[in-house]
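So that we are looking at the same thing, I have put the structure below in structure tokens.
Labels run A, B, C and D following the written order; every chain starts at residue 1.
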Amino acid sequence: MKRIRLGMVGGGADAFIGGVHRIASRIDGHYDLVAGALSSTPEKAKKSGEALGLDPDRSYGSFEEMAEAEAAREDGIEAVSIVTPNHVHFAAAKPFLDRGIHVICDKPLTATFDDAEAMEKAVHASKALFILTHNYTGYPMIRQAQAMVADGAIGTLRVVQVEYPQDWMTDDVESQGVKQAEWRTDPERSGAGGAIGDIGTHAYNLAAFVTGQVPERLAADLQSFGAGRALDDNAHVMLRYDSGARGMLWCSQVAPGCENGLRLRIFGSAGGLEWAQEDPNYLWYTPHGEPSRRITRNGAGATEAGTSVSRIPPGHPEGYLEAFATLYTEAAEAIRAAQAGEPRETLMGKLPGLTAGLEGMAFIRACVTSAKDDAAWVKI
Amino acid sequence: MKRIRLGMVGGGADAFIGGVHRIASRIDGHYDLVAGALSSTPEKAKKSGEALGLDPDRSYGSFEEMAEAEAAREDGIEAVSIVTPNHVHFAAAKPFLDRGIHVICDKPLTATFDDAEAMEKAVHASKALFILTHNYTGYPMIRQAQAMVADGAIGTLRVVQVEYPQDWMTDDVESQGVKQAEWRTDPERSGAGGAIGDIGTHAYNLAAFVTGQVPERLAADLQSFGAGRALDDNAHVMLRYDSGARGMLWCSQVAPGCENGLRLRIFGSAGGLEWAQEDPNYLWYTPHGEPSRRITRNGAGATEAGTSVSRIPPGHPEGYLEAFATLYTEAAEAIRAAQAGEPRETLMGKLPGLTAGLEGMAFIRACVTSAKDDAAWVKI
Amino acid sequence: MKRIRLGMVGGGADAFIGGVHRIASRIDGHYDLVAGALSSTPEKAKKSGEALGLDPDRSYGSFEEMAEAEAAREDGIEAVSIVTPNHVHFAAAKPFLDRGIHVICDKPLTATFDDAEAMEKAVHASKALFILTHNYTGYPMIRQAQAMVADGAIGTLRVVQVEYPQDWMTDDVESQGVKQAEWRTDPERSGAGGAIGDIGTHAYNLAAFVTGQVPERLAADLQSFGAGRALDDNAHVMLRYDSGARGMLWCSQVAPGCENGLRLRIFGSAGGLEWAQEDPNYLWYTPHGEPSRRITRNGAGATEAGTSVSRIPPGHPEGYLEAFATLYTEAAEAIRAAQAGEPRETLMGKLPGLTAGLEGMAFIRACVTSAKDDAAWVKI
Amino acid sequence: MKRIRLGMVGGGADAFIGGVHRIASRIDGHYDLVAGALSSTPEKAKKSGEALGLDPDRSYGSFEEMAEAEAAREDGIEAVSIVTPNHVHFAAAKPFLDRGIHVICDKPLTATFDDAEAMEKAVHASKALFILTHNYTGYPMIRQAQAMVADGAIGTLRVVQVEYPQDWMTDDVESQGVKQAEWRTDPERSGAGGAIGDIGTHAYNLAAFVTGQVPERLAADLQSFGAGRALDDNAHVMLRYDSGARGMLWCSQVAPGCENGLRLRIFGSAGGLEWAQEDPNYLWYTPHGEPSRRITRNGAGATEAGTSVSRIPPGHPEGYLEAFATLYTEAAEAIRAAQAGEPRETLMGKLPGLTAGLEGMAFIRACVTSAKDDAAWVKI
């Protein structure tokens, strides 16, 4: 099986998520990173390329240049990872989409709704696949949870509790030189959502992925606790579903003691499920009236949906990077199938893509709209 | 130290909370139960009295009769516990309050707002103490949490997350002969609040007790998932505080896998605290930027606020009944002080009373009002 | 139902276990403490009696005096609790046993083997019941575990892992005025076993209670880490059972971070069970090849064996004092049955008594013998 | 940075640990797998090579052939991973060691003591590095625990409790076609130790790594519960250290409910540490007399020793594969340094090698010797 030639936009030195994508692309051995436009500063881009062992000829100063040059090469990249701040997602993805190069893009889809619409058009116009790395959906026990809900394990969905608290922005770290905080608190680069865009979209996506339902309306109370912070760093959101289910989403970047506390609890007429990202190898299942069961990844009670994306035996924990790698692996399979001529519509499987991206954007927009109207219910 | 002569209204066979009050009154040895009107059905009352070893002369058919007869005895009861369904609280408490007999009343204060106002008047008019058993405030680690917040351990309060999920009403148990469910789902006996009255008030009270703050406004989304259920069995509530803090309260009786999942998490500018009722001997404290610490009841890191209401060494768990007993013990101390002539205003200490009761009623009213107005913000 | 008139030997001010016994005797309302010889120092005895509200006439200076006087009263005590240091157990129990007064004695049985034999004779010679408070057997989930093992839930027993670590003697607290440490480290008062006598016997008893098996042989490595400490404060013990099962027991008083970490794990050919005293409301059960289940006290999966000794609903934790109270309640039932003329042999039910006490003594002796012989295997 | 050319012996289809080594070698991008003798069955070897995308010319039928051919190539492998069953370790490693090709070998060192001595000689005679993948030492929090112990965080070591229970051999899976069980229960291929060789050595190594101490003597009780099983599947081992510390090691393959329950608890005069492999991102530290602290990987309280081998932020769990990858990464650094001419003695850093391997062999031998002599103390 030949490896897929991969390029990367963004992800130079100091970046967090670029390194994650690179590891994720390596874990299952489906990619070779061969080209990059790793920074918007050309010098930094070159240097980062060197550090990663890229051929200097393929370490580009800009993504446009890279798209053009790679498309022209016989051995040009087949796919590209976009790991820039949000406001660059569209601009960076477009030249590759236009040239039929498959795109693996970090979330959220874009910083602005205009960009989101433009991205939608570009994806539709392209023959390439577009994968959005809502990486938490790659966790095996999340896959199993989704399958269990679909199979009726909890009966009719009633209540969704999803939360994603962090604490790293408790202090005003954006004015203390923390790069990750700088762009995330800047509406120009991050978009209209602060915490809701950065992590709220993950929580929202996860709930949708597992329940198979997207809320119809929401009421959101957004707040900035950090001094002078322009974007929300804490959000309380109530959710109503068409089906009659109700939900609550909380995300925060100012909750001391919480690291990446993404946690999903769902309750139905016949049972409940609970999963926490910080302890991801376990899924708690309670058939109503029976003891709670601890289902372990690849272990007792585990089903195909999760074991098929698991690498090692139960009790040897897989983590965040493996879940991320699962998206890359599934992307590789989809890309190979596309290259083999299979129709794009049939290839995404469990992979998040444009739809998840647009849902995330709609969520952000609805939150911001609701918050401005004193948390009135807003159609999503 | 002589024991206080105690009477009880309600709490006959089948009742849950009556038995709890009796154990709580015995644990620290401050009371002797000597009289009762244990059921509204006189025969059942007599029978229950017998089972408890009451002198048949002091096992009454009605609380009015009991109040009159006991007040007339030299050795009459000094205090009475009211453990009836909510709609009887006021009627049962009044004759005792009127006769200067101290009242220990289960929560919520009353079923209706009219009753609540009447109770308020009756308490003010009486010389007796009025204690409302918001029992979770008796947990040692809750006492310590309160003291820590007051001492600035978490800095300025920002976010309150409090929840109280249960699962026992997932099915329509009220039509299956479960007495506890029957009156709780009946607006006549329970009042305007279902889950919010029964357990939401506990969550609300706990957050107020620990933070020292009562929210100014709330927005509530109430729902009944049980077929034909007249009152809410699930509630999502957003909270805003005068101080700028924000909060979220969730309570549910239809969350499979949850038993009595009361849990409080609070976050401030300098740290966070977490406590769960089902694991009550531990308080988790995170000074921002430092590792989380597990403070144990009566153990390392425990302070006077909690150790003073703890009975046994760390690692030997105390539970629900001990926390409840702490309220009875503090009530006994207050009653003795009152009997010794100390002014009532100075005696309540940490004990919940009329104020907590009225706050709970205001919370229920605000939730119901908000829910009817599509979860609009309502002043509490 | 009339309360049983109870006396107490030991348990004056400063004592820990005396207070525990008193609370335990009150919780379910089966006893009235009416007499005491609460300290070996007569003045302190009187003072402690006063504090507990004893009739001064029944607050005795010595247990002999008390046994004689109470036996002579029409309304004399029906039962007595022995809560002295170990070396007094026999001497204190005997005069009551001789007079047919039921004895509830703290563990271990005695400090010396001579005393143990004498106790055995005295119990056999008496008509009274003899209950030894191996209190951990009163936990509902331990009762259920015992029943499950008996019912074959884990198949053939293979491996027993039991441990009881504490940390309170990490420093030389016995030379710092800690009374609880003083007598426990003194062979004269404590007997030949330090940690093994104080807590190892609890662990040993718990394993025997749940598995229904007592090991045939053991090999013990005892150690004193505290400077100048005469008795063991840490013990590693390997166990072999007649049935072919193997086990390990660890107890320690010098394990920082451990409070009362009694924990039992047992494994058989068909499943495993796990229980921890510090989280006692849950029993973990793994049928081999299936997910682990969390059985909750009085909740889903709970069976009669445990619910019959549980007081409140699941999710409202019961603790150490309730488990202790269960022994007192079962003792009350046995005492009443004895008073009603039922034969003593049939009354002990789940109550630990002489047999458990002698097993504990044999365990201590075997450990000490083995340790002196370089941890050779010793018949128990 | 050029990738290191890696070969692999063993690890064909169906093998578990070969896949783990391959992922581990990829995660940080330091290796390219370019050659293999993936199975002792030549056809299977070819097929497995194909599946992994190896150049058919470099997919060898035997390790001898591979060593010779690769050593002769300009672009021959620089390092080789040995992932065969134990009894092949030495034979497979030798030809590479003899040719100066660096060896990364799975544990235990060998199946027999003769082989171990031969391996020792071969390593000493070679210029190549020899790394033994005691992979659990690659966990960041284990690195931090080691550093904390060295820095005196727990004072003088007193008690070591280490355990590694599994349940996958509860039934006689070796007769049901489970390949992993077949060779592990066969003394010819596994060596004299069953559970003690397979997982006991891991537990032993982990304790030694963190404490910096190797026990002087042990007493071991080995048992086979599986019907007809020739090697131990459960072991209880008591440990004595020169320093006066005592310890206990338990490993089992027949403990239902346990997956890979490697867990280390160590206690000293000034504090305690606890770590569990199934929840590896946390290290629990209790300075004696203070609350336990939860130190998180890369988070609050984390120090250089662990953060330097961590890839992503706290709250995003790393797992087994990342810990394994850390050994590969450190091996890469050592190999590059060796290639740059640095003396081999200075390069191993935290990497386990021959010493750890010989210690493990000595542990197995001592256990088997002790067990045969009724668990007598044996010098290790």
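By our rule, contacts are C-beta pairs under 8 Å (C-beta built on N, C-alpha and C of every residue); 3 or more make two chains touch, one makes a residue touch a chain.
All of these numbers come straight from a predicted model, not from anything done at the bench.
A count of contacting C-beta pairs for B-D and for A-D identifies A-D as the more extensively joined pair. Chain centres here are C-alpha means, and the one lying farthest from subunit A is C.
Measuring from the averaged C-alpha position of subunit A to that of subunit B gives a distance of 43 Å.
Between subunit A and subunit D the centroid-to-centroid distance comes to 34 Å (mean Cα coordinates, whole Å). For the pair subunit B and subunit D, the distance between mean C-alpha positions equals 55 Å. For subunit B, residues that reach two or more other chains under the stated contact definition are 258, 286, 289, 292, 296, 299.
Note for the complex: subunit C touches subunit A at residues 285-286, 289-296, 299-301.
Across the complex, subunit D meets subunit C through its residues 154, 158-159, 161, 163, 167, 170-171, 219, 221, 223, 225, 234, 236, 238, 240, 246-248, 250, 252, 254-258, 265, 267-272, 274, 284, 286-289, 292, 374-377.
Per the touch definition, subunit C reaches subunit B in the complex via residues 1-3, 16, 19-20, 22-23, 26-29, 51, 53, 166, 168, 258-261, 277-281, 296, 299, 311-322.
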